[in-house]
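Structures for review follow.
Same chain, two partners: subunit A is paired with subunit B first, then with subunit C.
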Partner chain A sequence: MTKYLLRRLLATIPVVVVTSIILFVVMRVLPGDPIIMIAGEAQSDISPDLLERLRQENDLDKPIYVQYVTWARKILSGDLGRSIRSRQPVINVLVPRLLPTIQIGLMAWLTALIIAIPVGVMSATSPNSWKDWLGTVGALVGAAMPYFLLGGVLIYVVALRLRWLPASGYVSPLVDPLQSLKVSLMPAVTLGLGLAAVTTRQARSGLVEVLQQPYVTTARAKGLRERRVILGHAFKNGMLPVVTILGIQLGNLLGGAVITETIFAVPGTGRLLVEAIFSRDYAIVQAVVLLISFAVVFANLAVDLVYGYLDPRIRLS
Partner chain B sequence: MLTRRQFLGHVLGIGGALAGTSLLAACGQPAAAPPTAPPAKPTAAPAAPAAKPTEAPKPAAAPPTQAAPAAAKPGGTLVVGFSIDPQSMDPAESGEPQARMVRGSIHEALIDVDEQGKPIPWLADSWEQTDPTTYVFRLRQGIKFHDGTTLDAEAVKLNIERMANPDLKNIWRSEIAQLDKVEVVDSSTVRVKAKAAFVAFIIPFYDMNGMARSPAAMQKWGTDYGIHPVGTGPFKFIEYTKDNQTILERNPDYWVKDKPNLERIVFRPIPASGTRLTELRSGGIHIAEDMPFQDLERLKGASDVVVSEKTGFRVDWLFFNTQAGPGSNKQFRQAWGWLMDRDVIQSVVYKNTGSPAWDLLLPGSPYHDPNYKPTSRNLDKAKDLLAASGVKLPAEFTVYVHQDPVRQQVAQILQANGAEVGVGFNITVEDSSAWFARHENTTDFTMGLTWWGYRPDPDQYLGVNLVTKGSWNLPKYSNPEMDRLLDAQRVEGDQASRRKLMRQIAELTTEDSPLIPFHYGSNIKGLSPKVQGFVHRPDGLIRFLDVRLG
Partner chain C sequence: MAETMSAPALAEASVATARPAHRGLAYGLRRFTRRRLAVVGIVLVGLELLLAVAAPALAPYAPNAQDFRAVLQPPGWPHVLGTDDLGRDILSRLLHGARLSLAVGVAAVTLAVAVGVPLGLTVGYSGGRLDELLMRVVDSLMALPPLVLALVITAVLGSGLQNAMFAIAVVAIPTYTRLMRGQILSVKQNDYVLAVFACGASIPRILFRHMLPNSIAPIVVQASLGIGFAIITESSLSFIGLGAQPPTATWGSMVQVGFQYLEIAPWFVLAPAAMIFLAVLGFNLLGDGLRDALDPSLRG
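Right, the complex of A and B next:
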């Protein structure tokens, strides 16, 4: 097990390295450059010397592979560099943005589980009934609904018509837990419903498949109550695909955060990333994407570990 | 309760609003009204309008659009919804109006300007011009920075010299290119010298270039001054969390008695215009900037929002690459003046806000002539010019536009106009970074769309846009006669004669058509009916000194 973990951890290194190289190249191939963005329309108001100095300070005057090696060396020594635009250390910019994204992401995950598991079980246990049909249609709508539309409708109905929740912003749970919950609820539900839809489908099909297995028939034949058959015997087994999907969806969740954080004006990592891309703030983009790739790799690792627990037949070696 | 029809109306409303704005906004760029663009160099500056600061400023009259004002309470927290984060509160940094509004509440400038663009006293309570290139400013006595240090002539000199120092970043430097030197006469008198006579020389000191930052704070924070600003203004800086909020608090020692009214101002960046509007209507914010055009009509009857529109905010134009391709041909450029359908752009894209434009001089400027309309839509004329131009038709090229729905729509209308006479172009959307790089640094384009925001003196945009090597001369246009006219208006002290020169500049712009203005944009804000004392200035920047909450 330890060996397996170690091997998996080592395997994350090439993934992260390749991701960072691709990103490095893509960002620099894009037209535009961060120094021009700093100067904006006023390039000629800024002396060429100053522009050149800014370029040098950020290593932008060097060939791309030199830039990469310099950057990688700094990363290995724990230095994420400085934002090209604001001159602040990237770590200082990035750290305050993590909490909102993590908080809303976890709440979205929870929303998805709370909805998907009961609905999935309900659909699977009475296939082709009106309940199943309702679950299927609900999942279809949820999966097809873009974040910006769902978010907009929620804002309109919940914040403007009903006045139940604030429309946007963010409050840290360390400052005011109740207000934090209130203001994060809509973005979490927006993100979570899409995830719930996909998860419901997986829960349903996973469970339907398991319910056709001989051991379930045996359990029923022994005279176990249906409730016991489903929750005690079939459930854990049928949830394997759900675990996979929740792990894989972490990437989507972070991608969705880009949109929900913009709609709901949440100062999270997604919005930071978008703005950094538009201003070509390479240092920030690289740090955020590095973080995301680590998160996705670790989520997949976690999924595999949970697999082993749910199904001891799966050997982690 | 909503009736079904109302409900459908609302749903369609949000659907439209969201499809149009939120998605684009969600892609990271502020959507809707006055959009990205060259983060225009419109204005900023501090406090109240024409009130003379020596007397306690009179409360400004409530704009006529506002609901019947209840008696305003002193104090209270005003929340303002911005489309983007202010980023830095250092006046030398970026030009976005959001940042300038925050800076202008913390800092104050030597002078201010009235609606006609005429300078009026502010931190300097008087000044005189001792010779054609020398101005002597006398500072108001006893004004202190928020850190307790005194505003004196040394501080003013240091501030102006910093703005003029080419080794330090100041995106407003070209406006004080004529500055020669600053001298301290005594502790409250500063002498400012220009390199050459220029009638609008002191105007830039009403804005970022004339703002007083505490020398002690600049020394202490260095390049981090932008997030630790210390000025003399009505509000003190308290807190800044990027992309979340900026908080200012009343300066209890402010030099104008009993001002400001508000206890606090919170600035919140809310990038999606639909969300900003909902926050305004549900009471989460009191002022929303950049209202989406498509919502304006619907909001006119609403009781929970007051829509305020101010003309003379910006001018939008079509420009050509005059150095290469079809745009290097004068008749080809002139044809567009007769080809473009300004009325359709005005009604379809701008929803009848603002007005059609024919020259760069903004409405509200004493030099603007509303009767100057040298062209009108005339396809025959356009065809004749195109035939005379010798440009082979059908001409095919690509027009690159910002990721901004408003300019994309304008491009589509121009595309349809061009197609009528065999000038076809494709539209490619680029983000700001790529757009800037292409149009500022290369000639790899044929036509483009851009704009410039309000400045009190026309030289502040004519010079930048039309003079050879001007900093926003995207057409790469050069005509010695234009350069001569621009030089001439700079030294012409008589307003009537200067107006004649401005007219000649407008006519030469039409004749050469390096750029063709088509629309004067308005600044549009949404206000809660509680907001009082708000004066909508053509620069679109709110001065919070007189604002109150009812």
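Right, the complex of A and C next:
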């Protein structure tokens, strides 16, 4: 297992490095000088000396490869730079924005599991029945549903008409756990439904495949009840693809957070990214996107490791 | 005297004899039409395309015609789907928006296929360092969530529909490159490829005349699913404010403005959002149907 872990860890390094290079280069070809933009906002108050100093402080006067090496070295030592706008360290801007995204992401994951596993099992155990058809159609509808349609319907019906839940905002679970749960529920369901759709299809196809295996036939031939065959023998193996899909979908979940946090006015990393893009704050955009890409790469690594643990054939191959 | 055939032509003829195209097509069509959901998909896509093409004839008003005496009118007569914050007819804007939203989807996927497929074809066949390098870049691009990458690229290029379309295409390229490369790696081991190569056919001819047609099925499926993804991404970018700019009507930009009036005029958001949903659903169902028809082994 250690050898497998090391091999997988080493394989992620080039991906992380190339991602950071691509991101850095893309950000540096942005039209317009961010320093001039700041100066433009402060009108003519800013002196050419200050402009030059700001440019030097942000390494914008150096060749791009020098800028990258300096930036990468800083990142490795935990320094994400300073926000070009607020002059605060990026880490100070970023950290308070992590909790809402993580909380809503985890709740969305949970929503997806709560929907996907029972529906997937129901579809797989009664193939071609109305239950299967309903599950399939539900999954197709969920996968095609834009976040702003579901979010809009939820806000209109649940928040504005029924007044059951607040329409927008965020409360930390550390401040008021119940209110936090209430205010985060709609963004989590909005985000989780798309994930539930993909996961349902995986759960169904995973279980259908396992139910055709000879060992399941043997279990049935032994006279076990169908419930026992499914839950005791087939379920665990059939749910293996669900582990993969939940890990792989982390990227889409973080991408979706950009929209849901905008819809529900959640002060998370997705909204921070949008704000930073509009204010052309290089340092923050880079930090957020890098963080997201690292999260995706490490989620994929975690999936590989969990899979390798659950199915030894994979790590031995 | 019978006409003599060149060696590559003979090999091609034998490949053609082995797999009559029309029989495969008819079989695929039968499989496709047997799936009810696939038929629903093609009907949805067909209807949306029809609405987009016939928009100028069907739209009762000009998409940007304002009527300040009829602001935020609920669905009824004469504005069937109501009006927006500037008194513009929502139905007319939806129909004209269909042209742009669908055109962006189709154009982005066409561009992504036009770049991604030849890239995958070339590196899959050649292998070596170029393949290694390109695949690292592809892996890295795929490590970024598509919407986030599209957001960053659109921010780099500046807001606007054209830039949004370009960003969506760039985001989609790695998928087609990887898919095509995988197909080529499997197809190039086939005997018929070795036979055509042994007969002296040129590499471009082997690639484009022989390997490409036998590897294209997953690309067609992915392209159909990709149009749905492109429509949803464009509307997401417009929703954030990076896509279509006022007064241009796309479904995403209509949703963006409509959200401000959700409490008093829900139809303003729901009508364009429902169109996006139906379009994406249609292309997804079509893609699923094509997957079953073209290669049932690809079903997830």
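By our rule, the second predicted complex is superposed on the first by the 299 of 317 C-alpha atoms of A that agree within 3 Å, B and C clash if a C-alpha of one lies under 4 Å from a C-alpha of the other, contacts with A are read in each partner's own complex, and residues count from 1 in each chain.
To be clear about the criterion, a contact is a pair of C-beta atoms (placed from the backbone, for glycine too) under 8 Å apart; a residue touches a chain by one contact, two chains touch by 3 or more.
Predicted model, so just to flag it, every value in this text is computed and none were measured.
Q: Considering only touches as defined above, state whether A:Leu23 meets subunit B (first), subunit C (second), both or neither.
A: After superposing on A, A:Leu23 lies in contact with subunit C but is clear of subunit B.
Q: Now for A:Gly138: first (subunit B), second (subunit C), both, or neither, which partner does it touch?
A: Touch status of A:Gly138: no partner.
Q: Scan A:Ile292 for contacts with subunit B and subunit C and give back first, second, both or neither.
A: The answer is second: A:Ile292 touches subunit C but not subunit B.
Q: For A:Ser279 in the superposed arrangement: first (subunit B), second (subunit C), both or neither?
A: A:Ser279 contacts subunit B only, not subunit C.
Q: Name the contact category of A:Leu160: first (subunit B only), second (subunit C only), both, or neither.
A: In the superposed model, A:Leu160 contacts both subunit B and subunit C.
Q: Taking the superposition as given, does A:Phe264 touch the first partner, subunit B, the second, subunit C, both, or neither?
A: Touch partner of A:Phe264: subunit B, not subunit C.
Q: Touch check for A:Leu50: first (subunit B), second (subunit C), both, or neither?
A: Once the two structures are laid over each other on A, A:Leu50 reaches subunit B alone.
Q: Based on the superposed arrangement, let me know which partner A:Leu149 touches: subunit B (first), subunit C (second), both, or neither?
A: Touch partners of A:Leu149: subunit B and subunit C.
Q: Does the superposition put A:Pro89 against subunit B (first), subunit C (second), both, or neither?
A: neither
Q: Could you pull out which residues of subunit A sit against subunit B in one structure and against subunit C in the other?
A: 30-31, 146-149, 152-153, 155-156, 160, 258-259, 262-263, 274, 277-278, 280
Q: Which positions of subunit A touch subunit C when the two form their complex?
A: Touching subunit C from subunit A are residues 14-16, 18-19, 22-23, 26-27, 29-31, 136-137, 140-141, 143-149, 152-153, 155-156, 160, 201-202, 205, 251-252, 254-256, 258-259, 262-263, 273-274, 277-278, 280, 285, 289, 292-293, 296-297, 300.
Q: Report the residues of subunit A in contact with subunit B in the complex, numbered from low to high.
A: 30-34, 36-47, 49-50, 85-88, 93, 96-97, 146-149, 151-153, 155-156, 159-161, 163, 166-170, 258-259, 262-265, 267, 271-272, 274-275, 277-280
Q: Contact residues on subunit B for subunit A in the complex?
A: Result: residues 2, 10, 14-15, 17-19, 22-23, 25-29, 38-41, 85, 87-88, 94-95, 166-174, 223-224, 226, 241-245, 268-272, 274-275, 278-279, 281-282, 284, 430-438, 440-441, 469, 471-472 of subunit B touch subunit A.
Q: State the interface residues of subunit C toward subunit A in the complex, per the touch definition above.
A: On the subunit C side, the touching residues are 37, 136-137, 139-141, 143-148, 151-153, 155-158, 228, 232, 235-236, 239-242, 255, 259, 262-263, 266, 269-270, 273-274, 276-277, 280-281, 284-285, 288, 299-300.
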